[in-house]
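Shared between the two complexes below is chain A, which has chain B as its partner in the first and chain C in the second.
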Partner chain A sequence: MLPGFGYARPRNLREAVHLLSAPGARVQAGGTDLLGCLRDGVFGVDTVVSLSGVPDLRGIRRALDGGLVVGAMTTLSEVAAPTDVVKGYPTLAQGAAAAASPQLRNQGTIGGNICQRPRCWYFRGDFHCARKGGEKCFAAEGENQFHCIFGGDVCFIVHPSDTAPALVALEAVVRITGPNGSRSVPAEKFFILPETDYTRENVLTAGEIVTEIVLPPQPAGTRGTYRKVRARGSWDFALAGAAVVATITAGKVERARIVLSGVAPTPWRVPDAERAIVGRRLNKRTVRDAAAAALKGAQTMSGNAYKVELLRGTVEEALLALA
Partner chain B sequence: MKTPKLYFVDGAVPESPAPTDTPAPWTETRVVGKSLPRVDAYDRLSGTAVYPSDVVLPDMLYAAVLRCPHANARVRKVDGSLVERMPGVRAVITGDSKAADLRWYYTRTVFTKLFDPTCRFEGEAVAAVAAETPQQAWDAVRAITVEYEVFPFVADERKALEPGAPAVHDGGNRVGEPEKYQRGDVVKGFAEADKVLEASYRTAAEFHTPMELHGCVARWDGKRLTLWDSTQGVYGVQQRVASLLEMPLANVRVIGSYMGGGFGSKLQADKYNLIAAVLAKLTARPVKLFLTREETFLCVGNRPPAGMRLKAGVKNDGTLTAFDLTVLGTGGAYPTGGTGLVDWLVRDLYTCPNVRTEATDVYINGGPSRPMRAPGHPQGAWALEQMMDALAEAIGMDPVQLRLKNVPTVSQANEGQPPYTTTGLRQCLTEGAKAFGWDAVRRRSKGDGPVKRGVGVAAGLWIAGDGGPPATVIVKLFPDGSANLNMGASDIGTGTKTVMAMVVAEELGVPLEQIQIENADTGTTEYATASGGSKTVPTEAPAVRSAALAVKRQLFELAAEELKVPANQLYIEGDAVVSTKDPKVTKKIAALQGLRRRGLLIGVGTRGPNIEGKVINPFVAQFCEVEVDTRTGEVEVLRFLSANDSGRVMNRLTYENQVIGGITMGIGLALTEQRVFDRQTGKVVNRNWHDYKIPTAMDVPADMTSLPIDVPDPEANTTGAKGLGEPVTIPTAAAVANAVYDAVGVRVTESPISPMRLIGLIAARGKRG
Partner chain C sequence: MGHDQNDGKGGCPQGVSRRGFFTAVGAGALGAATLGRSQTPGAPPAGAAEPTKVTLRVNGRAHTVLAEPRWTLLFVLRERLGLTGTKVGCERGECGACTVLLDGTPVYACMMLALEAEGHEVTTLEGLMNGEELGPVQQAFLQEDAFQCGYCTPGQIVAAEGLLRANPQPTLEEIRAGMSGNLCRCGTYAHIFKAVKKASELKKVAGR
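Up next, the complex of A and B:
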């Protein structure tokens, strides 16, 4: 049962930011994640501030430099639709298409997707866990088959978003507006690890709203893909995933970014794996080396050791898809 | 050993009325067997169908239940006094309330209080509130203060018998003596075998999780109670509620004409029925109590997990020599048959002279189980059918051939080894294999790359599916030739109403649109047992037929007078009665004077007894093809074929619905579904539709074929139909497991075959492609 709350539908960004600066206010984009959290009592709310009345937050437009600007209120379906995103940024389009279910993609937005709260069943469930201000992470000693093998500390969530790894791989920039004005943060710096703050998943502070995501133009010869493995064919989060963006010229990888999903509390970039393919051709051997490099430093718990082998296969398949 | 009657949990069923005389089976049919859409499809799809959860009454209150958040605890103190003054709250009941001082029975002798201080599983009811709005009810429930004494728990049946395991009940964690069965001599059997294999298997616990939540609306009119209940059987609920509230049956009316699925979890009354009734009584207002989705994962049943160790012996020619099966299972915190029927297929499916089974049922601090679509059978098939596959490989025989070699004609596990009335197992296997293209695909290459293809087969039978008395049905014929069908049976989504109307149409020629159907209402419809056990068609359809025939007989008597033709020389063609001797001697039903004068013809039909000395079972064989990505452990089911012998096909479309639904559910058991307890607290962590993964459209193949072995069983009943709804899901998971083995050579003996499990096994066995 949803708790009681006030509801506001501001008409412009300034008003929205103002309303959101009040304690207990929460942004609502599509609401697909927010309402679930409220219903499950994950956190409380005084006022739900909907962004649906704020103009100019929805839609995709061409930037002056040839890149794309995606409004935060653009739905995942729109991001995945056969448009400029698919042509220029297939990694992102595939990420959006791999998220959730058709209904959720029609309603859920890209802004909401990168700001959604973790899906850890302890965090969402009837457990007073560390991320909710409690004493401990229940996953550490509990049912942790869906938890992280990289970057865990105090809390062992994985970041739930399928678009976030693509954004990091594409070197996207997140534009933010808040009570103190606007700022731009590279996607790679937008997400934060538990060791920085285990009660938040990103850098947003009170009253701040993601307004746009800027996708820089990609050099010629750039290809991309997103490979996601899940326990169920739809309506399910990644057990492991790999977003890859690589510029390949004359058969050799010139530049590459490989970012993993489902294995860490943030989209998890693996520079060692990137180095393993840069300057080389993508073939069985280099791909195997890169996958092995991607696994370095993995720390498993009682139930998630499978993720190591799974990740190896996922990275290999993602890279081979670009070969 | 007699076939246990699964669903009559509440003891003796009412005496059946004497059966009306037995008509000969149909030779040719005009309506029955056709592919016809549901008679209520429009109402269901447009939303005009009123399900119990849609019922809204003037002045109605909403109730919510406070449930124990601990796996094992004792309520020391519960205080609802402050809550009573909260806005909108009209009643609060706890274990201390006199009005709620009622008993709840798990068996005839095992009972607790409605709100018992001893909470043996997470989700046990502790208190309840009725308020003006659902929000107020939930606010109040959250505000009730409870002091719990929390105890250690046991949530894993494999640990329940370990020394020092917390005792769920004072007497320890054994539900009773292990259930044992033996025929022949297994030691001798294994000695005669050329190959003996032994393996352990386990299926995870599953949840029913039907679309409509569990719940009811309760209203009192003086001393009479009416419940609109989402149930599979209104009469069972009436009986239970009346007995617990010590009321005459006549004063308890239960209505459930529409209901949104149950899969066995709604075969019985639930505590919520009593809670709603008590709150409605206290407040003198109607009360609606529907559980939340999360609650339904805790306290309205599950398919118990099954640990199985199976040893099997076979000769090189494929003759089975012995089976030895040990089962460990749990129905949760109360005796609900945690191991029931898990061993039945090992006992009965294949010819085998030497069989021994032993099943140990233990308690854990988990929600009590309830029958779930073919109780015990998919679990047993998971072990037996994987073992058959392994045996076939061990002796170098095709798995279909090994099964064919051991098709029995008698039910070996029933006392006296009586014959089956019909067994289509052989045809299911041969015709299924042919239609699937088994021989060719089996020999095909598995693929050179990392993605491998494989095919699998598995078979089964269902212990019930015979149906039987009691059942009473009334068919009325109006003077314009339209009809009314009145039966107590619930249509649990299977198309019962449609099939029964087709039987009326078959006998009386009335178009389906002109048959009004009243069903599942103890106040106005006739007696029926709960819809479950795949017995609804074989139970109700003969009763419907007999009621329609009773009408027909009277109609012909009336027509005989008017047409001056003997009644036994008449038949119905369209909307007219016609002479068999001269088709020109005919009269429209609507024009019969006698019918007009009478105003209405009434036919009462009952279900006669089943044939003595024979066993009526449906049979099935399923074939599937899968693709396994050996780099990720992902399994994609590419196609499925189900060959079913369920006797006569009553409606090709609803038949196919069951097949597709059964396969879908079986794929859930095979690949995605499992209850997960938190090992630290004993709480269920996946109590929602995201974390508990029932298959989506993306997890089932578009290519699903239903191949009916359409051979009416004249000895089964007067319609020739046997049960279908459960056999369709029995071999599914095992067939998938066998196909995965065929593809990658890895035997996954524990369900589900998730990427999480499979990738580890593939890597460990060096099967990565």
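Up next, the complex of A and C:
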């Protein structure tokens, strides 16, 4: 049985923002992450404010500039569905399809997916760790085989989302509404590292809601893919992954964005790896250079050194898939 | 899901799986359940924690129950409506034992508040019966011997029903992917996949 809480199902965004201004109120999208956190006592909640009754937040539409606007309440299944619109953004569709299980994709939303809490077993378990306001990160000296090799500081989580790296690679923009109005934040700036604040994973402040995600139009010749490696074929979080979006003209890479999953507390962009392929053809050699560049600066702990080689292969495969 | 397959380089070389770890450290840490709750009185209008009247449409019938907000759909189906075909497994969205159809689509009833199901059509295992007879997916599981202890079976059958409604003639790969949200501790997967194939044939013959 879950601990007790109140429940509200507002009919529109304004009502939702108002309800969320109450202390102890928390937004629920599909609930697939929130209910797990409540059940495990990761945090408590006084009132669950459900967004399921706000119809404007769900669905995918064309933007005026030819891009796409994906409502925060659009389910992962809907994002992954083989529609014409999603065909233009295969990196995102593949990310959504690679997340969780069929049932969870039917329930879980894209907004919830990028706002989900980390899966670190100390954070989820009975440990008063730094991210929960405690003194230290237990993973640093404990069991850390699923923890980060980049960007760790105080806390060493990996960001759990499979759609987030795609959104950063696609230069998506996250639209947010809160008590002080609306703002837009590039996906790349939406996620924050422990060095900025090790108790949060993103820039959202109290009472703010992600309303939609804007995908800019992609130049002709743009291709993309998401390669995820997990410990088994069935549902599991990424051990390592790479979201790639590249524009290729006359056989050469004109621009590229490479963003890693499963290896850092945020989707981890690797500009050096991008530079290694821009202006060049994608072949075994350039791809090897790019993967080597992607690994620069990796810092392993007692249990996660395997991620370095795993990531090398993952980046190489993702890039070769676009060749 | 070829691009998802682990090539054997990864895995958990240290021999500790995520799942194993949880059992080892014990996740029963509900003592901390009220962690972070606000103490502030007189907050803006919050939703009530008291039981609320909710009308759920389950297997074609409307049921009105008094439900606490924290009650999951799984709890209400079993403990208030007596529909025990839906099983309790992990209660964490990991095993699929609690699978029901929501407007024809498979979801985990343990990861959904009962209040959220209002306005939707819920179908449970019981709703897949063909009167007093077994429905085609149930029949197929029986014919293909697709269970051992049977605990996961109701969830498997409902997941299969949902898969076949969306994709009446799935390939083996599509069956494997479509059924990947349902675990079977007895490991009867090969038979389960055969049963889903069989069910697609039975459904075609029966025209439903």
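What we mean here is this: the second predicted complex is superposed on the first by the 319 of 323 C-alpha atoms of A that agree within 3 Å, B and C clash if a C-alpha of one lies under 4 Å from a C-alpha of the other, contacts with A are read in each partner's own complex, and residues count from 1 in each chain.
In this section, a residue touches a chain if its C-beta (ideal position, glycine included) is under 8 Å from a C-beta of that chain, and two chains touch if they have at least 3 such contacts.
Keep in mind it's a predicted model, so treat the numbers as computed, not measured.
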Partner chain(s) touched by A:W235 [first = chain B, second = chain C, both, neither]: both
Partner chain in contact with A:E141 - chain B first, chain C second, else both or neither: first
Chain A residues touched - chain C or chain B, whichever exceeds: C
Contacts of A:V49 with chain B and chain C, given as first, second, both or neither: second
Contacts of A:T300 with chain B and chain C, given as first, second, both or neither: neither
Chain B versus chain C as contact partner of A:S182, first or second or both or neither: neither
Touched partner set for A:E316, first chain B, second chain C, both or neither: first
First, second, both or neither for A:S101, with chain B first and chain C second: both
Contact residues of chain A, present in both the chain B and the chain C interface: 1-2, 4, 101, 119, 121, 125-126, 143, 145, 229-236, 239-240, 306, 309-310, 313
In the complex, chain A residues that touch chain C: 1-9, 18-19, 21-25, 28, 30-32, 35-36, 38-50, 52, 77, 94, 98, 100-104, 106-107, 119, 121, 124-126, 128, 132, 143, 145-146, 225, 227-237, 239-240, 303, 306, 309-310, 313, 321
In the complex, chain B residues that touch chain A: 64, 69, 134-135, 138, 292, 450, 629-634, 672, 676-681, 683, 685-687, 690-691, 693, 695-699, 754-757, 759-760, 763, 768
In the complex with chain B, residue positions of chain A that touch it: 1-2, 4, 101, 119, 121-122, 125-127, 138, 141-143, 145, 229-236, 239-240, 305-306, 309-310, 312-314, 316-317
List of chain C residues in touch with chain A within their complex: 1, 3-7, 9-14, 16-18, 21-22, 25-38, 40, 43-49, 52, 68-72, 75, 91-94, 96, 99, 102, 105-108, 110-113, 115-116, 159, 163, 176-181, 183
